[in-house]
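Following: one structure in structure tokens, then a few remarks.
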Amino acid sequence: MNNKKVGLLAIGMCLLMIAASFSGCVETETEIEIKNPDTIVFYTIGDPKTLDPADAYDTASGEVIFSIYEGLITYKGADTETFYPSLATDWSVSNDSLTWTFNLRENVKFSNGNDFTAEDVKYSFDRVLIMDAPESGVSWILSQCMDTNSTKIIDDYTIEITLTDPYGGFLALLGYTVGYIVDKETVEAHGGVVADTENEWMKEHAVGTGPYMLDHWTHKTEVVLVKNENYWGGWDGKHVDKVVIKTADEPATRILALLNGDADFAYIPYENLEDVEGEDGVIVQPYDSYDVVLVILNTKSNNAYLAEAEVRQALSYAFNYQSAIDDAYIGYMSRLPGCIPVGMPYYETQNNGVPVYDYDLVEAEKILDDAGYTENDDGYRFNATTFRIFYNAGNAERLKMSLSFQQELTELGIISTVTTEGWPQLLHRMFATSDWDIIFMGWGPDYNDPDDYIAPFVGSADIGQDTYNTGWKNETVDEMILKAKYTTDHEERSDAYQTAFDIYIHDPPMIFIGQRQYIRPMRDWVQGYSYNPVREWYWYDYYKE
Amino acid sequence: MLHLFRHSLLSMIGLALILLVVFIAIFAPLLIQEHPSYVEVSTDQGTTRVEERWDINFENKLLPPGPEHYFGTDDFGRDIYSMVVWGTQISLKLCLMVVLTATIIGVILGGVAGYFGGKIDEIIMRVTDVFLAIPYLILAMAVAAALGRSIENIMMALIVVWWPQYARLLRGQVLSIRENQYVEAARSVGASGWRILFRHILPNSFSPLLVQITLDLGAVLLVAAGLSFIGLGASPGTAEWGLMISMGRTHMFHAWWYVTFPGLAILITVLGFNLLGDGIRDITDPKLRR
Amino acid sequence: MKTWEYITRRLILLIPVLIGVTILTFVVSHVIPADPAMHFAGGPKAQPETIERIREELHLNEPVLVQYFYYLNDLVHFDLGKSYLESRPVTDSLAQYFPATLELTIFAMLISIPLGIVGGIISAIRRNKLSDHITRFIAIVGYSLPIFWLALMFQYAFAYQIPILPLEGRLSIGVSAPPPVTGLFVVDSLLAGDLEACGSALYHLLMPAFTLGFATLALILRMTRSSMLEVMGADYIRTARAKGLSERTVIFKHALRNALIPTVTVSGLSFGALLGGAVLTETIFNWPGMGRFAASAVIGLDFNSVMGFTLVVAITYVLANLIVDLLYAVIDPRVKLGGV
Amino acid sequence: MQLIPDPPGKIIDGQIFFEGENLLEKRAKDMQYIRGNEISMIFQEPMTALNPVYTIGDQIAEVLILHKAVGEVDKKEIKKYDIIGKRKQKKNLKKKSIKKAVDSLRMVQIPDPEKVAEQYPHELSGGMRQRAMIAMMLACNPKLLIADEPTTALDVTVQAQIIDLMKDMQRRTNAAIWLITHDLGVIAETCDKVGVMYAGYIVEFGDVQSIFDWPNHPYTRGLLKTIPKITKKRGKLDIIPGFVPNLITPPSGCRFHPRCKYATSECKKTPPPLVEVEKNHFVACHHYEDVKLSVISKYQQVKP
């Protein structure tokens, strides 16, 4: 290796690097035939927290559990209204919507060959209630209207569930992973059910009745699912044999994987959509979703001004909604009128869907001046107290919105800081110390019912809600929420939500920004995909052509 | 001495780069097009801190380099050229502060350990062993994460990580110089330990120290940029090079300039320090002069 | 002093350092005000009592000193606590990620050390000629490049503009991981005779290992060059030439072995820099190693993982230095083990 | 030997004859053959002259193997691809050469040569190392041994042993030894012929006897006068006035003229040629007769 080679190699490397980095986006797209046709590959961020349906609450875990386990009822394609039979063939409810009876599907087998019977159903529900989801607390979805002696086995294939109190939306609860059925024999063989402790084995392994079973899970690398041969739904028609969910936290990795065909689906942040939009072979299809974007305001913060309704109204006027939509979410977001997202039942009770607040600094100034919070001599209101804005590290959209909101507040004469924190620190600040003023937050549906939104947002801590710990409380609103929760009469529920809206909209505990459209860029050779906000991924439906 | 310095071409380049960077840092306010505004903010601990703000206008988001934006703009529409130039001040301030503080701590502890020896030496050396048992970036990462996200905390973290190196360097120097006759002579004349340490030993260990300081200025900058890159650095609005690269990396495919220019700025500054450090070492270390 | 006697002595010396490391990391990570219980109680929808129970389990309510002793006795039972980021014991996470980082670091060294030595020799022999200046300049540039920026530039150049190298991960999609024996994919696939996996593993190693090793390459090149210069001037080189040996033998047999001594120490030290650099390189190249795990653990303020990682790195680093000292004695007979 | 390190030194012109051939014209390959085999050299500083990382035996064996001086080696033809055979041959070649190295160590009267062969240079004393050097350099019994100040760095007792050893080795191997030293005593004891050099030029050349008795060049005479006589009563030591010239800008003509008593204007202009004053006794001085007279007159005083 004489000196010429070393010199040339080194110069070559340098020139190549510099030339490449200055040559801008030279298209190098070549016609790519379908890559690994019998496998679906999904490049996403994060890693499932657990594969145990009784303890899973994060989307990453859901991506796997939805296709391995099954519930009594299920959804079809994008339809979130009607419930389709799954492990239960048909069901009936008593007119006081207290007792629900399910007839179970016969000769269904788990992936390890064990038979599926009513015993497994009772075992699964009781297990959720006894374990009480030590890690994630997801059990509240069932424990809000069930207890361990709710489920009764009538015979091998019939189950009767008596709720602790009547709940109209009960069926929707069974659609979420917490209501999915595990194999009693397998769980008993691996540590069974122990109160308040998670089952280590069930966290890393899975035996379900669903179309796929777990091949292997290498943490923070990939989850691989393979065909479950004795799936009761059968394998005729077009399906894929293998599903690979790869973890790639770097956006560049996911973008390139999609462009060169390695990835069939990829989670791409909004600001990078332009890298994949319009590329041949890539579909960027937005779907309306119930994922809402909010700014929560702490009414009991040591910055006492936030306790005043006028201040929070002014803040709602100061927020540049259009810029958030155009610049943070690149147009893939629509305005959110109130707690209930547009598209969910009863959303029309919120000023029939028309947002009350808009970006209007003049109005904001007027409200603050009328309320007596005028600017002092060097132009700052609230005698220069600092309003602290927080968001969780790594979220590009929230970073854009908080910096832009900071600039609006400075315009308005309010001093503010933007601090980014990792999830644990932020949650600790939000709940334990409530030492915060403004936080950019979001919320996704657990089940397709307005109660899953309005209760946690504006319900007070007294009725076990106020999930964001804003400290906001209004008796009438509480009353209305409870009334709407436990009635099945449409009219009654609509009036309750209407009254609650008229109260909280003028004393807003949070700024309702918008409802972002869900986008999952994918290769054009993927068929059978449809977006269902309450159940994002069902690999059984997809195939490649 | 100086004619040797002129000889080595590389160290001349180094000196030129450093002078360029210092020049930019000093005249930054005149060179930049967009100016940051400063707002005094009260922090959680009740103190006040001045925060840097750059105006956001999303209209000219991600414009390629052109006449009105030499280095193009970032995804907030801020002028990258101005931020990179302004960033020189932050970076230089950071690495100078860290290296000087670390040197002072290191010199005192190293000097004491080396000169007085015995128990103190043992303790100090064991403590430096512990610190040096963990690679720089990882220890700095843990400390910065503990203190929270800000430039000041990165500075603290880097000081904590960097002083042991100087302590060890100084101790070595002190041990070797202590044996020389002129130190014996000074002691025989009744000079106190501290006097000897500062009058005789430190001036003589100055040249290896100078070399180490110059090289470390570059190394500190690299580690600081690394910390900001992971997300432990400055708060999102500030013009800090590591942070800019971190924020720019997602736009690499449609905005190559967002990542390239801050990276070049780091490269040029650190290169300057390294070349300069090498030049000084070549001069002061006779063995290498051949 | 026999070798193993020296090793045991050095290992005993290791223990105070490691205890110091545990104290350091414990103090550092317990200053963080964050509360992991909250995070792993499922986020915003968690119930207060689950959070309280986790706090209990973590002994977070007891004074710091008590917490430290809990930590120490866990450590003795190889229990580094639970990684809340991955809700499994830290030891499992580290066990899974350690081989990946090891493979990356080893290949980084395999690339940087030989290249650095050869480059150093060449530029020492061709002193002050053009190739010497070029290599030296590249070395200094390599030493001054921020490693993550270099990684991004390589990724942009060689995976996007000219898609010749894979962008991320350890194996291509279709290839399945070889049966784990050592955890190093290249070795395992060779053992399993699966050439395709081995090829894919090497192919994926190329860019990350070169990026990670680039700074070390520069360091070793400069170190070898200066020590070669020094050695070439020594009397025994003149003797070797006087014996009639060819220039090549003089350089590679006599000069190199003496010049290697400082290089060995440098590569020992650079092992630490590699581990540090791995944190950045792995994040960018999506390399499922300890570095990437540590980066996310630090952001997510996962106490146990950060401390577990730092401990493992400290142990590996100190052991590496021990190996370097042993190597030292092998190369340089003047160094007697223990009687240095 | 053309061992001058390339930067800074360079051989520009002139000729170096060895056995009638001009060494400067030889290709590098041939020079390598000659070095260590035909001509070999030992150096002044034994402490650093041996490679610290190899054993003495290895270093000596290396020369033997290099110059195929290991004696009868099984010439069995080894097939090219027969690796094991090749390794075996190489191994016993090494074994044989180590044995020969031990013999040469014994030749230089090193006590317990077997042990020394395994030892490393830093485990030996200065004298021992110089002996090892001599053993190494004479291993392939070269025709000429250049000894560059071999004894300067050693203390006097060891110095004497080394001188005796070299004389003994010279007798035994009949090699020519070219001793470079400033120690007139050593020269008188060991050498047959002597050449006095000043500022890079040979100023006087001849038999030891005639040079020491009848120095014809002022510099040689000055040198000999500086040796203090035990018989003389104490007094000021004689010195040669002035300083050694700076060789980068040497004085014109005869380089010794600034310090020479007999210097005249002619000396300043033309460098004196080397003239044969008497049978193989050469002098490079314009006024060697005057020097000769003053020596004779000095003799009259001494010899009664």
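Per-chain numbering from 1; labels A, B, C and D assigned in written order.
In this section, a residue touches a chain if its C-beta (ideal position, glycine included) is under 8 Å from a C-beta of that chain, and two chains touch if they have at least 3 such contacts.
As the structure is a computational prediction, the values presented were derived from the model and not from experiment.
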Separate pieces, if any, that appear once chain A is removed in thought:
one piece
Centroid comparison with chain C (C-alpha atoms), farthest chain
D
Is the C-beta contact count larger for C-D or for B-C?
B-C
Identify the chain whose mean C-alpha position lies nearest to the mean of all protein C-alpha atoms shown.
C
In whole angstrom, what separates the CA-based centres of chain C and chain D?
53
On a C-alpha centroid basis, what's the spacing between chain B and chain C, in Å?
23
Hey, how far is the Cα centre of chain A from the one of chain B, in Å?
43
In whole angstrom, the CA-centroid distance of chain A from chain D equals 90
Multi-chain contacts only, two chains or more: what residues does chain A have there?
21, 250, 252, 393-394, 421
Multi-partner residues of chain C (each touching 2 or more other chains):
32, 152-153, 155-156, 160, 233, 283-284, 299, 301
By the touch definition up top, name every chain pair that qualifies.
A-B, A-C, B-C, C-D
Under the touch definition given earlier, write down the residues of chain B that touch chain A in their complex.
39-44, 51, 53, 55-56, 58, 61, 64, 75-76, 149, 231, 235-237, 249-254, 256, 260
Considering the complex alone, what residue numbers of chain A touch chain B?
21-22, 24-25, 250-252, 255, 269, 271-272, 274-275, 323, 326-327, 384-386, 388, 393-394, 396, 399-400, 402-404, 406-407, 410, 415-421, 435
Residues of chain B touching chain C in the complex
9-10, 126-127, 129-131, 133-139, 141-143, 145-147, 218, 222, 225-226, 229-232, 242, 245, 249, 252-253, 256, 259-260, 263, 266-267, 270-271, 273-275, 278, 287-288, 290
Going by the contact rule at the top, pick out the chain A residues touching chain C in the complex.
1-4, 6-7, 10-11, 14, 16-17, 20-21, 23, 26, 28, 35-36, 39, 41, 47, 49-50, 57-58, 132-138, 140, 196, 203-204, 218-221, 244, 246-250, 252-253, 256-257, 260, 262, 393-394, 421-425, 427-428, 430-433, 441, 443, 446, 456, 467-468
The residues of chain C that touch chain B in their complex are 16-18, 20-21, 23-25, 28-29, 31-32, 133, 136-137, 140-141, 143-149, 152-153, 155-156, 160, 222, 226, 229-230, 233, 272-273, 275-277, 279-280, 283-284, 294-295, 298-299, 301, 306, 309-310, 313-314, 317-318
